[in-house]
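Beneath this line is the structure, given in C-alpha cells, with notes to follow.
Letters A, B, C, D, E and F mark the chains as written, and numbering starts fresh at 1 in each.
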C-alpha cells in the first residue's frame, strides 16, 4: 500500500483497537509487571497466501511507535502449515493488547487472498480477470481490495463515486437501459466509461447499441452469458463483459470464463471466503 | 439495541456509507431525475434467521431522515426463501445509495444469526450455552454480538476492558497460571471474576485451586475437555468451563457440551459464518 | 445540491462559522437584549448571477435550526443592482453572527457564477463547453463547482481520484507520453477514460495514436491549438480537446473555441474571478 | 507562524489535501513505478511578494514526513518573473499529489501579499496603517491574515470573539449608537476597547462623546471621512478611525489616508486580490 | 446560556457521559425490563444557590431527545435544604444512566454559585466586583464561568486569547514592565486594553506611567494593595486594580475591597469551593 | 500510567489547552521576541503529596515536542513547603502558554493525592481500603483515579460499563433487591461480580441470601454499618462491604473501618478535596 492508503489504514486500525481495548486491558494491568518484555511469533496453521502483515505491524505501531514486526514472508507469498510468518518483540502488555486485532486481520485477509488466488488459478489461460466487487465486509473494503490484489486479482471501482454502473434498479426508475446509457454518456463528462447491467439478449443489444463500454451480468448461467456476449459483441466488438453473483464458485468459474466473460467479480464478504488459521505465541525473554 | 448502542451504531453506519459513497453516486447523479421516487423491497433468497433490519433502516435514515423502512419480520425471526422481509419507499437516488451497504449488513448479520441458531439447536438439552468471542470481524463487533443474541446465543465480554481472562500468553510472561490467578484476584478489585486458559490437567488444578472462577479450553478434543472438567470440579464444583477454537463445528459441538463445557464460544469472523443471500428490488411509483 | 452534498456542506459551513465566531460574538453578548428579534435583507449592489443562497441559508440554520431564509430569486438567476435577493428574520444575535460568513459566501460564489456565465456567452454557438478545473480556492471546491454549474458551465473531475489525466509532470517521470497512455489504459480498469497533456504536434500524435480519449492543452496560443487539434483528429476523430491556462480571458476565449477546443477550463481562484457586492441590512421589528 | 498556528495549519492542509485527493491519485497509481524519485521546482511567472512557502512545505510534509522543501526566498520577499523560489525532491507520486494544493496556496497567498504591499506603498508617509478585515475567503482567514502581514499590513481582530465592533446593524436593533457604546463599555469588562461604525457627523459625535475608542467608516467618500474625523477628534483627540469598503482601490486609498484615516481595512476575498502565476516543474533523477 | 454556548455545552456533556458510560450501563442492561418508565427528583440536601439545572437537562436530552427536565427553580435561585429543585420522568435506564453526571454537575456548579454569592455579599456596598480567573477546573471553564455569573459575579477574560495581561513571568523574559506595557500598546492593535501584574510601588508606577489600563495584584496584603492603588491612581486616576490569590477568603475579602480593589478574582478550582449536596431519587410509575 | 492511558491523557490535555489558549496567547505574541528562551520552576507552597507532574509534562510536550520537564520528585512523593518539585526550560512563549493548565492540574491532583493519603493513614491497621467512587469532577475521572492511587488508595469501577452495582434506584424500578440480584446473576455473564446497595437489615439479608458478592452502604452511621455487616456476614462470610457518602470525614472514617467496612469510597469532587498551592516562576537565560 502507498502513503495515502497508510493514512486511511492508520485511522482504521485505531478504530479496531478501540473496539477491542475500550478503556484498556484490565487483565494485563493487573498481572503483568511494568516494563516486562517478551517476544511473540505468528504461525500459519494451514496452507495459505499470507495477507495482512503490514496491517498487523500497524496494529503494534499504533500501540507503541517503537514496536516493530519482523516479517519472514511478504504479503502475497504462499506458505505451508507450520511456517513462522513473522515475529515481534517488545513490552508484553503491548503484544497482548494487539494480539487479537492482529490475528483477526491476518486470518481474514489471508483468507481473502487465498480464495482469490484459487479463483485466479481456476481461470488461468483464459481471457478472464478476477476482480473484486462492492460486496465487501462493511468497513473493510480498503483492506479486502488489497488482499484481492495480493491473491492475483484486480480491483474494480472502489465505490459509487469512481465508476459508472447502470444497474437494473437504475433502469427501473429512469426510463430503461437505452435512456440510461444515453443520459449517462451525456452527463458524466469526459473521464468515465459506462457499464450497464443486462439480463437478456434484448437488453444486451440495447446497451451495446447505445454506447455502453461494458456489460454486467449477474446471476446468469454460463450458457446465457455466452449468448449475451455474442449478441453484444456483434454490435460492439470491444465491449467488456463482467459476470458476478452468488452462484459463482471455484467449480463453475472456468465455465464463465470460457463463455466469454472478461471480468469475474467475487464477493469478499460471502460464502466464498473463510478466515484461515494463524496463531500467536508469546515467550518471555 | 438500546439508546446507547444506537449512538454507536449511527457512527458506524456513517462510516460504512462514506466507504461506499465517497463523494457521491455519480451514476445516479447523471441519470436519475431530481425528486424521482421509488419503492424497494428486500427478499430472502434462502432460509435464514433475519438480522440487520434495524441496521438497514439506520442506513436509509442516515441518508434521509424522512426515509422509513417497513419491516415484515423482526430481527431474530426465521424466514423461508422468497419471503419479502421489508420494504421502503422514498427518493430513488437515496434508495440506490443505501442499497449495497444495507444488503452487505443484512446478509452478513443474518448469516451470523443463522449459524448461531444452528449451534444453539445442536446443544439443546445440555447445560451448555453458545457465546461469542473476541474473534469477530474488525469494526463489526457490536453488530455481530447483536446477531449472536438474535440467534439465541449469549454475549461474552465485549473486549479486553470488561472481563478478566488469563491466557496462556499472560501466564508465559507473568510467572505461570497460579501466580497470575492470585495476582489478578488481588488486583482487579471487587467487580470482576477471573477466567484462566489451561491446556492440561496440571494447569486446570493450578487454576482451580488458586481461585479461578472459570476455565478456558482452546483447541482441545472433547475427551480432554471431559478430563479437565473432572479435575477442576473436584476442587471447585461451581467453576465454569468455556470451550472454543477453530476445531469447533456444528457436527462436533454437542460432544463438547456433553463433555462438560458450560460455555461454547464461536467465532463470528471465521469459516463457521457465511453471508446468506438477500436481494433488493426497486420499482418506480 | 443533492442530499449528499448537503452533508458535506453542513460540515464546511460549521468550519466557516467557527473560524469567524471563535468563542462567540462578544459584542452582541454585551449589547443585544436576550430574545431581541429582527429582520434582515440581502441586497445586490451590482448586476450579477446569484449564487450561494442555499449556502447562506445553511449558515443561519446551523446557528439556529428554526431560522429560515426566504429567497426572492433562485441560485443561478440574473439580477440587477438594488434587487433584494433574500430576507430572513429571527433572533438579532443569530442574524449578526451569521451575517459575515453568509455575505462572504454569496459574494464569492456569485462572482464565480457571474464570470462563468460571461465565458459561456463568449463561446455561444461554438462546440466548446466551459468547465471548471482543479485550480480552485482550497477548501471551497464543492461550492465553486456548484457556482460554475449555476453560471452555465459543466464540472470536470472533482479531484485526483475520479479522473485520469496524464500531465507533463507524469510523462517526465514515467517514460514519456506514449508509455504513460499505454500503461494507464492497461491499469486503470474499465471505468475510466484517459486524458493526456501535450505541448506540441509530436506529443499530440503520440497521445492520439496510443489511445488517449482526450488532450489537454495548457497555456498555448489559439493557432497552436488549431494545429494540434488537426494533427490529433486525423488519427482519432472523436478525441476531445481541453484548453486551459492563465492566458485565457473573456476577450480571447472565443478564439480558442473556434480553434477547435471542445472544453475550456477556467480557474475559480484566479484573476478571472472577483467577488461581487452584496449588503445585509438589519431592522428591528 | 508560531507553534500554535502550525497546529491549526496542519489541520487545514489535511482538509485541502483530502479535498483534492479523495481516495488517492488514480493516475499516479496506474503509471508511476513504485519508489520513483523526482525533483521539482516552483518558478514565479511574474513579479510578486512571495507567500505560502511554509504552507506549501506543510503540504508535502503532510503527505510524507521525510519530504522537505528547500526555499530560495523567504515568505515576504519580493521576486521577479522567472525566479526559482523553491525546490523539493522525493517520491514522484508524492510530489504530484501535493502539486496542485501547493500551487493553489502559493498563488493565492502571494496574490494577497502582493496587493497588500501595493496598498502599503500607496499610503507610505501618512499615519495610516493597512489592516485586514473579516471579509476573507471562508476557511482561509488564518492564512490570509498571515499573507497580509507578509505584505506589510497589520492584523485586525480575528473574529467576532476577540474585538468589540458596534455596527450599524447592532445599533439598529439595540437602541442606537449612544446606548450601544454605553452598554458595551459597561458589559465587556476590562479587556476590550470599543469601535463603533458611524455614517454621518451626528453619529460620529454620538460615538465619540459616549466613550468609543475608535470609529469605523464604511463606503464613505474621502471628504466625508475628513469631516467625520474632525468632528470626532474635537471630542476625543485620540480616537482611531478605520476606513473600509468596496470602493477602496489602489488609486484612491491615499486620499483616505490624507483625509485622516488611521486604519485602512482591505478585503482579501474580493476584487482587489488576484492570484499570481507560479508553476511547478518536475524532473526525473 | 445562549445558542453558541449550547453547542459547546452539548459537546462537553457528551464527553462527560462517555466518561461515565463507556460501552453502556451493564447493570441496567441486565436487570431493567425494556421500556420500564420511572420518575425521578433532585432534592437539595443543604442551603444553596442552584446552578447546573440547564446542564443537567442537557445530560438527559443527550441520552434521549424526548427526555425533559422540569425545574422548580431557575439556575441562580437560592433554596433551603429539602427543596425539590427539579423532576423528570422517562425510561428508567436513561434516568439511571444520566444520574451521576447530572448530580456531579449540579453539586459542583451549585457549589461555585454559592461561594461566589457569599463573596459578593461580603463586598456589598463597596466599588469592588467579584470576577472569575483562569484558575478553573480543567475542562470546566465554560460551566464554572456561568456559575460565577449565577452567583452574582462577573466574568473576566475567557483565556489567553481574548485579553492582554502582562504577568511577572512575561516581564521577567521581555525586558521588564515598562517595556512590556509599551510593546503591548504598540502591538495588540485597537481592540484590547492592557493589564499588568505588579508587586511593589515602583512597578505600579512603571505600569501606570506607561499606559497600562489596569493593574493585577497577586498574593499581597490589603495594606500593600492600598499603597499601590494610591501610587498608581496618582498617575492614572481611572486605572483598574484587580486582587487575587490563594490568601483571599470570605473573611478578609472586604479588607481588599476597602483597600481600593475594583476587581477581586476568585479561583473556582481551589479550596474556596466545595460541592454542595444534592440527591436523586427514583420511583416507578 | 501505561501507554494506553497516555493516549487518553494526550487527548484530554489538548482539550484543556484549547480551552485556555483559544486562538493563541495574544499577550505573548505581542511582547515576547521570537525564539526567546527561558527556564521555569514549580515550587510547592505547602506540604503535599505531589501528583500531576506527568500530566504537566504532557502539557508542555503537547505545545512543543522538544520541551522536557525535569522532575525532582516522582508523582506520589511527599514534599514540604518550599520544595522545588520540577523545572523546565524552552521557548518562553511555550512556557507561559502551558503554565496555567499545568498549575491547575498539579494543584488539583496533588490535592486529591494528599487527602487520599490522609484517609489511608486514618484507617491504617484496619482491614479497610480507601477507594475512589464515580463522584469525580466531570472530565477528570482518569486523572483523579490516578491521583487516588498515588495517595495510597485503590480504584473502584471506572464507570457504569465495567462493574455491576445495584443501587436503590435500580431496586425501586426493577422489583426490589432480591429480584435485581437474581436477575443480575443470571444476565451479566461469567465475568462480573455483583454489589448491591442496601439501607437496612432486611435489605442486607435479602442481598446476601440471593448471592450478592458485596454490599454498598451510603450515608449510614457507623453503628448501622456494624449491624448490617453482622447480618450479612452471617449469611455470606466473604461478602465485601463498601461505605461511602457525604458524611465521611477524616475524623470519622476510622469508626467506619472499625465497624466492619472493607472498602471506603471517597469523592474526589466534593468538599473533602481542596487544591494545594503550587507556583511557577520564570527566569530568562
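In this text, contacts are C-beta pairs under 8 Å (C-beta built on N, C-alpha and C of every residue); 3 or more make two chains touch, one makes a residue touch a chain.
As the structure is a prediction and not an experimental result, all values here were calculated from the model.
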Practice problem: Note down the smallest number of touching-chain steps it takes to go from chain C to chain F. | Solution: 1
Quiz item: Same or different for chain B and chain C, where same means more than half of the interface numbers show up on both copies?
Solution: different
Quiz item: Equivalent interface to B-F, which of A-D, C-F or D-E, with over half of contact pairs matching by residue number?
Solution: D-E
Quiz item: What is the size of the turn, to the nearest 5°, that moves the C-alpha atoms of chain A onto the matching ones in chain D?
Solution: 120
Quiz item: Taking each chain's centre as the mean of its CA atoms, how far is chain A from chain B in angstrom?
Solution: 22
Exercise. Express in whole angstrom the distance between the two chain centres, defined as the mean CA positions of chain B and chain E.
Key: 47
Quiz item: For chain A and chain E, what's the span in angstrom between their mean Cα positions?
Solution: 54
Quiz item: Which chain F residues touch at least two other chains?
Solution: 21-26, 29, 97, 158, 161-164, 192
Exercise. With chains as vertices and touches as edges, which is it: line, ring, star, complete or other?
Key: complete
Self-check item: Touch list for chain B against partner chain C, complex
Solution: 21-26, 29, 34, 63-64, 91, 93-94, 97
Quiz prompt | chain A contact footprint on chain F (complex, rising order) | solution = 2-5, 158, 161-162
Quiz item: Given the complex with chain F, which residues does chain B contribute to the contact?
Solution: 131, 154-157, 161-164, 189-193, 195, 213-214, 240, 242, 263
Exercise. Enumerate the contact residues on chain B facing chain A in the complex.
Key: 12, 15-16, 19-33, 36, 38, 40, 45, 92, 95-97, 99-101, 103-105, 107-108, 134-142, 158-170, 172-174, 179-180, 183-184, 186-188, 192, 246, 267, 269-271, 274-275, 277, 280-284
Exercise. Please give the residue numbers of chain A that touch chain E in the complex, ascending.
Key: 22-23
